[in-house]
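Step one of this worksheet: look at the structure below.
Going by the order they are written in, the chains are A, B, C, D, E and F; count residues from 1 in each one.
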Amino acid sequence: MRILVINPNSDPEMTRVIQRVAMDFAGDRFEVTCLPTPGAPTFIDSYLDEMQSAQGMLSLMREHESRVDGVVIACMDDPNLDAMKEAATKPVVGIAEAAMKVASMIGHRFSILSTSRTSVANHEVLARKYHVQELLASVRYPALHEMELNQEKQYLNAGRAALDEDLAEVLVLGCAGFAEIAGRLQTQLGVPVLDGVACGLMMAEGMVRLKIATSKVGRYLPRQ
Amino acid sequence: MRILVINPNSDPEMTRVIQRVAMDFAGDRFEVTCLPTPGAPTFIDSYLDEMQSAQGMLSLMREHESRVDGVVIACMDDPNLDAMKEAATKPVVGIAEAAMKVASMIGHRFSILSTSRTSVANHEVLARKYHVQELLASVRYPALHEMELNQEKQYLNAGRAALDEDLAEVLVLGCAGFAEIAGRLQTQLGVPVLDGVACGLMMAEGMVRLKIATSKVGRYLPRQ
Amino acid sequence: MRILVINPNSDPEMTRVIQRVAMDFAGDRFEVTCLPTPGAPTFIDSYLDEMQSAQGMLSLMREHESRVDGVVIACMDDPNLDAMKEAATKPVVGIAEAAMKVASMIGHRFSILSTSRTSVANHEVLARKYHVQELLASVRYPALHEMELNQEKQYLNAGRAALDEDLAEVLVLGCAGFAEIAGRLQTQLGVPVLDGVACGLMMAEGMVRLKIATSKVGRYLPRQ
Amino acid sequence: MRILVINPNSDPEMTRVIQRVAMDFAGDRFEVTCLPTPGAPTFIDSYLDEMQSAQGMLSLMREHESRVDGVVIACMDDPNLDAMKEAATKPVVGIAEAAMKVASMIGHRFSILSTSRTSVANHEVLARKYHVQELLASVRYPALHEMELNQEKQYLNAGRAALDEDLAEVLVLGCAGFAEIAGRLQTQLGVPVLDGVACGLMMAEGMVRLKIATSKVGRYLPRQ
Amino acid sequence: MRILVINPNSDPEMTRVIQRVAMDFAGDRFEVTCLPTPGAPTFIDSYLDEMQSAQGMLSLMREHESRVDGVVIACMDDPNLDAMKEAATKPVVGIAEAAMKVASMIGHRFSILSTSRTSVANHEVLARKYHVQELLASVRYPALHEMELNQEKQYLNAGRAALDEDLAEVLVLGCAGFAEIAGRLQTQLGVPVLDGVACGLMMAEGMVRLKIATSKVGRYLPRQ
Amino acid sequence: MRILVINPNSDPEMTRVIQRVAMDFAGDRFEVTCLPTPGAPTFIDSYLDEMQSAQGMLSLMREHESRVDGVVIACMDDPNLDAMKEAATKPVVGIAEAAMKVASMIGHRFSILSTSRTSVANHEVLARKYHVQELLASVRYPALHEMELNQEKQYLNAGRAALDEDLAEVLVLGCAGFAEIAGRLQTQLGVPVLDGVACGLMMAEGMVRLKIATSKVGRYLPRQ
């Protein structure tokens, strides 16, 4: 089995992080390649960023789809996900979608640990799109006065606040670039901490084994 | 006042229809220009079509925005609407959004008269996005065995079925290209029949007069 | 075009404020007259107040309807709105309904700046009635210890709290009497601040131009 | 204990039916008096009807409240219920509210058997107001071609259709005037058939014994 | 009339409290007996506790059902309620279900005063199950630093916080064992304070008088 | 990796079917054992059936949990799932939960193909529990007059009706015993057809690899 992971931005460092996390999850069960999106911004932060990534993501998928069994879109905004599902004949999974669905099965409410205040609304919009808005306890982001702390410590504090004040029972990392701290946060906080990349691969791998892909009889039209 | 109407497809005939309807609504209160989208498909029918229109729509808006007071996106799929709202400093209105909001104020439930069965899911997705899913009585489309009838007669029958069987109280035309039959359907069916283009212009004109535009403090980031 | 604005209370000063705001919005596009409701309380604050205004509002509308093209009910409780819609053949718009619908199109979530704590529940009930309860970030009202400040300063602080603590992106003024501070709050806070009276007129003007009024085939029975 | 039942219309025959049903439920546990509303229409069918009943209902309640322990509003539109709750210090129960709450506790979904097609929307609006809209399987009304049947037979058929086609598990009679057929329909259809008058009395009696009434700290202001 | 109250735990002291409260509500209108559940834990605090009570509750009900007219399950987790409704031919009422339905009729939003932080999620799950999640203002529990106060004082403070900070208008006691403080809290806080046991009896008594029980045509299968 | 599949009923034939399907999914990636539940009914069809399976399921899980990495509950009613999640330290997945979550990611709406009319309400209750009720197009079951057809043909027809009349885009088999027809239905109907057993294993396998299990800080208490 081969899974293509599309990093919707063009940042090589984030691509390497995602590749490492993806290989770690894939083990020897399947091959996985993470590619950055040509022509995309270095960080996806807005609707315009998503639009700017669209053609590059589509080209990347069309170039590689025949050689892979499934595709993961590795950005917690799930940019252009509906179009990618429509364009592909193989299963396509967004990591936000995947992480929120997993979160919904292992606890009462989850919080998203995100990069900044301006991302809150977009996470809420996605949670509603995926019908889990009632399960979203909060979106937490590092406090301004903690910006001098290292990233892991910032998210540890944000996570603790989500557990203590918002009664979250599960945490979801709000950016594909955070993947490598999931395990340590989970150990320190004592609740499941989900990295979207691994959740996305889990869903994509499963769909390949289930021999299913996006239905093409209504919302998503057959590939043109 | 000047309003730019972007037809997200590249069809000149549909652009002319929209221009006529728009001028009819604008009267002598404001100038209105409808432009087709360069590089877009001739009809928007899918997520990929929407993606293919994106860059052209954005270019069109960026080219003209400084000379207009507001923008209307004239396709009942509201393609790329969030990105356009984000990119603009002037108010941007989608015609599906506008028509559904108007519909919600003049009756209990509305039905959308659409082009085909495959568009049903997409109209439902938009209705939910705009929080009016509980007000959507049905999406009706012409019956296969009526394809030989003229378009107006087909939608008249679909509208009647929506009123009689789904208890709709208001009808919304499901495509910007239908605009010119709204008045006659309304007369024949005895309920409000909404054309999105006129509803979109009404909202855009109003927002210009209210001196408001999309908020840029969270979901939509300031223009980059 | 002529629009009748019914002030559901009997306060002449609030009627004058509404009249000024309404004329300002109407410009030379239409005539507008705001009338107080005979027999109504001087302020609408409760269900009983609304009931006490009902007959006066209906008489006022019946007396003037044949000479106007549309009607706006100018109180943020939208008192007796369903009955007024039913009684009229011309479009009837409530200012709370109008403001909440506009707010839903220009940002992720909105807050209402209201007069007092006891009004919170009623604003929430209306938001749910209009299907925008998920978009209501909060209802904010002046803090008790700020009662000595001037009204504008009180609402400025309440608005800032809504933006900072509740992540509102749009503000809606919670009383028709506040209309004249909307522009200044908008300038100072950097987000759209909606006055219901102007929003109501925008919707009523638009409906007149769209040649639509309340559907009378189900929820609202034809005028008796 | 004494319960006042207000029939919001002025029809003496319907008042007698309600009185009989009410006395039947009250047994010797409490006294009950049903009074018609002076100045009200003979049948409540619309928002204007409700408005026309308002002052009479309020006068009736104010005249009698000091001598009773609770009040039931006996019309399946629950006209002016919020104002009546606000005006009273004793518990006030609407029969639609009561019947829908009981229905929600004894089966998965309920259908309302109503008088006519034009009442459907209003029952739906009330079901949503009471947060049971997801439990409303359908509103059924007698078929036009069955108008020659006696009323009981018409509602028997409507009820059977609700069970067979809409998978309702509980039926609610849509008009206070139907109360006397509840028992026979229940026997013939094999599912609970609820009459609002009895449900309203059950709730009012219970609230009196619980020593509770409408909370007056927010939505409902203290009696003026 | 005879009502069986099943205390799903095996604690004799809590059984006595419930029995006293139940007799107080029943007066001379009906006989009521509260029995503890053999083999059950002494306190129901978790899904496993509920499972451990199941067989004992069922045995108790089967042993007594023929001699009673209705059954109340007296634990605010409503353990095994669906199975008990299915197993019985007489009406079966859960006290959480009953209290939340009563609360929904006497104010805008209610808060539950619960035993501890770990019970919050379970109360929320039940509120959603009963379709009143939008009416649940909060679940409040005694603050850790107040554990030295007597129970009544703790819940008084928790209730005050619910009214002041969460804008609750009605309070619901979160445990059957609290029943005896309802009246005093109500007096001190000035809002309705509901004890589930009394609410459950009110509903069960009413259902017996309405001659209804759980519908057995779909969700609940006939007794086997 | 080892996964324990608990068949909540005691039917050896259905256990064998589930075992075959499970081994087929597991391949050589993990070991899987399906065990029937001692003391359970031969078919789970009601809340009482679920209750009767509870102790056997718990014993089975406690006996085997230390030797496995995850647990799947293989009945489309997800009986006793919350208690099993609470009792385990390893991840526990219900097949209905898993299938509905997968369905929500590959199409607009799904239908469940179920055994009989009386199961409809229970599937609807579960869909709402898992927050996917808006995605449930319908529950379809074989028509009475088709009972003489073979099972596969019956479900083929039910599935076709779901696609044609209810606009489902994905189908979910409503019973663990149907698993072996999923592939053929998918081929014949041209849309994804999900078998819960495979979906449950996919989720359980994934959770094991993600090193997560049910959160134990709120809704689910730590194992006692």
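In the analysis below, a residue touches a chain if its C-beta (ideal position, glycine included) is under 8 Å from a C-beta of that chain, and two chains touch if they have at least 3 such contacts.
Only a predicted model underlies this, so the values are computations on that prediction, with no experimental measurement involved.
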item	value
Touch-network distance, chain A to chain E, counted in steps	1
Interface residue identity across copies chain D, chain F - same or different by half	different
Maximum centroid distance from chain B, chain identifier (CA atoms)	E
Comparison of B-C and A-B (more C-beta pairs in contact)	B-C
Furthest chain, CA centroid comparison against chain C	F
Distance between chain centroids, defined by C-alpha means - chain B, chain E (Å)	51
Rounded Å distance between chain B and chain F, as computed from the means of their C-alpha atoms	42
Whole-Å separation of chain centres (CA-atom averages), chain E against chain F	32
Touching two or more other chains - residue numbers and ranges from chain A	85, 108-109, 117, 120-121, 125, 134, 167, 169, 217-220
Touching pairs among all chains present in the structure	A-B, A-C, A-E, A-F, B-C, B-D, B-F, C-D, C-E, D-E, D-F, E-F
Contact footprint of chain A on chain F as seen in their complex	25, 27, 29, 85, 91, 93, 97-98, 101-102, 104-109, 130-132, 134-135, 163, 167, 169-170, 183, 186, 190-192, 194, 198-199, 202-203, 205-207, 209-215, 217-220
Complex interface listing, chain B residues touching chain D	108-109, 134, 167, 169
In the complex with chain F, residue positions of chain B that touch it	117, 120-121, 124-125, 128, 133
Partner chain F, residues of chain E touching it in the complex	45-48, 50-51, 54-55, 58, 80, 82-83, 85-87, 117-118, 120-122, 125, 129, 217-221, 224
